[in-house]
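Okay, here's the structure, questions in a sec.
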């Protein structure tokens, strides 16, 4: 049997892609499950499970028919009932899903494989939502395994995708074994990122968790594994020396480093304090750690992923002017009274740990009194959920990274969501930004959207709920005999080939 | 028979003590697996829903009771993250750790004990000095330096052994042995040092005993004196050490398992802790404490067999 | 042997290996004490653009993954590592030995104390350490506790067995007959005679505390990265080991030297102060 | 003169099997003297028993170890020859010497418990000699030889004994095993280094008899080391007296024992307590000091323990003020247990102990009863200076430091030591000196009752005598009540007013020392008296 061994970034928190926002689950999810629509290289949703679909004149009624030959791994055919149950689960679990749900009047089965979606108002992004490829992904599950309600964790990952999860051989926390679904009927179109054919090439794929980055590099160089999904940047030189190995990025859009304020408590409830810090954020510092080589990192003073359609430099002068004096002056103007501020630092995430160190030094350089609160990731998440002031265990700043799909436009932009208490940790609150966001969602032309995106960034940089600290790409490494590695917004493993012999 | 029973009964209270202590300890931090499961960008509402669904919102006492009741039915519970029975997960991980720990102990005994015993025979001589020095050195080598260097040499340069991973015996004995060679050796460095040290001390004590002189008076050769008399009599402390080392290795293999990507209990413990997968932690601790009690019992029995004076 | 016992300080230095170990350890302790004054630069100063620089005139021992000066960090790290070692040794020994001696001497307490120790021993030490850190936060006290807890059973066991042997010595009975009370009996009569094996154990505890601190850092739960300790320097440098080995080598060598010295000194100290060698046969 | 003597002296002079010629053994650096033995020479003829006597440390063991090539690290024969059947052993290669050990030359050691490997069955240990020296022998043949040997040393049920491990058989049996081991290959030379010191008199007698018979049967020359002149009288053909590493006197047993040339030899002989009890002192009919009624002590027998030992059973005992009571009895008869109960170190299981009101009104029984233990090496805390040991008790009892120091200085002078002794550590004293210190420590508590548990058994004859004298002097001077525990009837007779004979936890006889000696009432006492070494020949 042909086996492809791929080392994932980290262990999967769950085999249920609807329960976690961790990106790594899509590596597994795209293999086993499928979505109704799927993104192509141009970022356009293309039908995947859906064979044909129609939209009514008024743009309110979508009718979808599943393509024939779809079947779950347990042999049951995929039906409208499965789709409806799965979408309902998705609506309940995903913020963007919720947006669609709010515009949804009715979701009903028309036939065994035909179903209809009636909106209450036109929504141009409907198919984009159904073809969403970042967590939480609207995968279609058998109704049977999600019968426990949206919060019940799926224990039996049965999908309709090209690979079948092998529970017997899987060792949780170590290796997930996937076997090619011989009954799978792919689409006729060739593979185009997630769109087109999903046909599996190798017989068996093993998704491995290797805790030590050097160990995975050793394993790859020794030919014991075929691919490392994302390498430790410091091992680049070593890997490049090996002629049998390709090192390249699979996600050219990359990730953005975010410095996130707690907008609710002092001192960062005062925009002046936030802006003062933004002035001294030196993206080159962060990128030096994040990017293996300068060419893999990019100073990006936009709230949208640079090089994406909505990128703009409006308001960007607020970030990284590196004018210490001005920053100090602004801080002095603010309400900051010298109380130590808490910067959360995860000790088990080397990259984030380093960014926190840099941020702390920058904060100190303008007169902040900083306490670095080091803890493991789990404790950090726990503490991050506390909204109160630092005296009550709260926090003031944390660092993280967000992938392009969480950044590209005002609609998906995670840190730019200013929905107060319901927004992402940091809880910024701004009506104006919210209004622009809603307008963007309802806008119909690209022109209009572009304009709104500009406005959005201008507003965000004004209130500065977070500071972007640079953009970089992750590098993957694989054996030269692994072929068909996709470089795009998503990079599924099912299409990978392995040439026999050398 | 009374002896065994006595040991068993005196050892049993360990398990409940451990169960309570560990339950309190791991919950004292107040961290929440639901939050980790839900991921970095999850909304508060979905974390809350998940928590409720996993029954993590209930009072601690109630959770403990529920766990006990479940335990009473012979069920260790289900992993929060893997959604599989804890017993199955632990069992799936036990083989690798057991193989690793056993082979490390095998190596340690095979190398450490003779080295220590030989040093004891040559007390104060250069050989002894060398053994003392190297065993002190063995204690002080950062384990991953050892690991990386060996991987570099034996896997990447010479290509003799796999760089990582674990092949269960079902994959063939040869693959199994090869996959264990480097990690076991790495893990052994420290233990070889430990065994050499302890053996040197106990054997040199034994060699001072009168019965050694008796053996010499019988005309026994130095080798015979060492192996038949001194080592046999020194076996009790060494066997005891084997027992405690083995018990300690279950938790002490973390680093080695991480460095060689071996799916064992050490890694499972750490991962479970870092993710707060409470059922796994509880199950593991329960298992290790039962194991510990059993190892102690075995050690006591072996020691009693080796030295019948102890059986009283 | 009488001469040896009385002049043990001289006996210590008369052995070249021990003398070297003493010299190394003293030097390290002095360097650690003087770290704030002799460090070339601020050990916490971050400049990521100058990260992983090899040793140079500017940074004698190079820089780490966020561009901090390794020499300065190694010097400051000595403070944490050595004091963790010393503190754990003191805390673990004073608690463990007290419990062990009590268990060995006061038979009523034996059951309880040893069961608790068994319980501690049955919990994997990583878990115990991590649980302590989780419960008490990532503070130095918690770190000391986390490293101390797993060592207690071993110390208590040894002390107990020593107490059990020594309690049968006639001089203990003589002291009892002289009306000496239990605490004094333990302190004055049993403890000093249990010293030799305990010294070896102490050196072992001290050495392993320094290593465990490193291992905890390796798991991401040791000393916070801002503060330098040899342990976290090694742990953090590990990810760039192939590219910048000096980041790891410097603290590793210091750590190895320290542990080696402590062990050598402990062994020698045992040899020259062993009371069981008194009186002969 | 015994048959043995007659045999040895009337036979034609045989060529010696073993001769030492000017042997000097160097001690390692830092020892108390440069040589363990210097320039010693002697011959051992086949079938002869040559006794080596001398104070502790005189080099007796060193000499025998040199012959057996068992010298400790750092000790070497620096000059001289050790001739075995005319061949110099020292010139032989190690391998060849090893061949002789256990075969032609064999040795029995003092302490049969520690000299046997605790984890092997005794049968195995005997067979090991055959394994080493006659590797060709079949397993069955070995076993047969071993059993035969066990039988020949008069061990009952050899097959069962062979299976036992050392701790499962008695001291006397262990010593027989040692002898069987030493004799299984019919050695030409048997060295016995204090083979009976650890045994009680009755067992000792049997062993001595066994050795005597065996050498006659096999014609082996026996080098018998002892510090006990009584034993020498019993078995020696010839005697060597050693002191400070030199032979000070040598000659036929009769001559050396009855007409010693050297003053030192005379001293050794004089140090042996006479077999006859001294004339009885006026029994101090003082008020009762100690009254013991129906005292019992059982060990074990708990829920878990299958074995219950009644160490002391139903014992009644009375002691007057100023009286010395000796307790004698074989090993394990409960003497120490009784002492420890009286001292308050172990609680009795039943019965009562009453100590009369103290004349000085002291407080607890513990403080009013003090004890001197058998082993002077282990009775003093090696980590504490003598002075501190001496003042500890009084200070615990509330005496001020200055006063306690004062008294300890007086006491240390009283037991014949220099005041500077207070500043020193125990290891800086000899065994006899340490025992004096222990006595001083006991007296520092101003006890009413002093218990001496085998307080002189570990000391060599001359020192033993000094300590005994000191004890009885102090006892008389201070009017102490004293319980003196010993296994040596002669010692008991010397020191005590009354003697109490114990067997299996019970008193079988008690009475005035003279009466017990001259007219023993119980069969057991008679047995003890008969077994006393030296009695046979002296009579």
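By written order: A, B, C and D. Residues from 1 in each chain.
Heads up, the rule we're going with is that contacts are C-beta pairs under 8 Å (C-beta built on N, C-alpha and C of every residue); 3 or more make two chains touch, one makes a residue touch a chain.
Protein names from UniProt, one per chain: B, C = Peptide/nickel transport system, permease protein; D = Peptide/nickel transport system, ATP-binding protein.
This is a predicted model, so every value here is computed, not measured.
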Set of chains adjacent to chain B and to chain C: A, D
Steps needed, at fewest, to go from chain A to chain D via touching chains: 2
Chain whose averaged C-alpha position falls nearest the assembly-wide average: B
Higher-contact pair (C-beta pairs counted), A-B versus A-C: A-B
Cα-centroid distance, chain A relative to chain B, in whole angstrom: 39
Averaged-CA centre spacing for the pair chain C and chain A, given as whole angstrom: 45
Distance between chain centroids, defined by C-alpha means - chain B, chain D (Å): 49
Chain D: positions in contact with at least two other chains: none
Where chain A touches two or more other chains at once, by residue number: 212, 214, 348, 376, 379
Residues of chain B engaged with two or more neighbouring chains: 29, 31, 148, 274
All chain pairs that touch each other: A-B, A-C, B-C, B-D, C-D
Complex interface listing, chain C residues touching chain B: 17, 111, 115-116, 118-119, 121-128, 130-132, 134-135, 154, 204, 207-208, 211, 214-215, 218-220, 234, 238, 241, 248, 252, 255-260, 263-264, 267
Chain D-facing residues of chain B, complex: 2, 6, 123, 209-211, 213-221, 224, 228-229, 232-233, 235, 306-309, 312
Chain B residues within the chain A interface of the complex: 29-33, 35-47, 49-50, 52-54, 79, 81-84, 89, 92-93, 148, 151-152, 155-156, 159, 162-165, 258-261, 263, 267-268, 271, 274-276
Chain C residues touching chain A - in the complex, by the definition given at the top: 44-49, 51-52, 65-67, 134, 137-138, 219-222, 224-226, 236, 238-244
Residues of chain D touching chain C in the complex: 30, 340, 343-345, 364, 366-367, 369-371, 373-375, 377-384, 392-393, 396-397, 425-428, 438, 441, 445
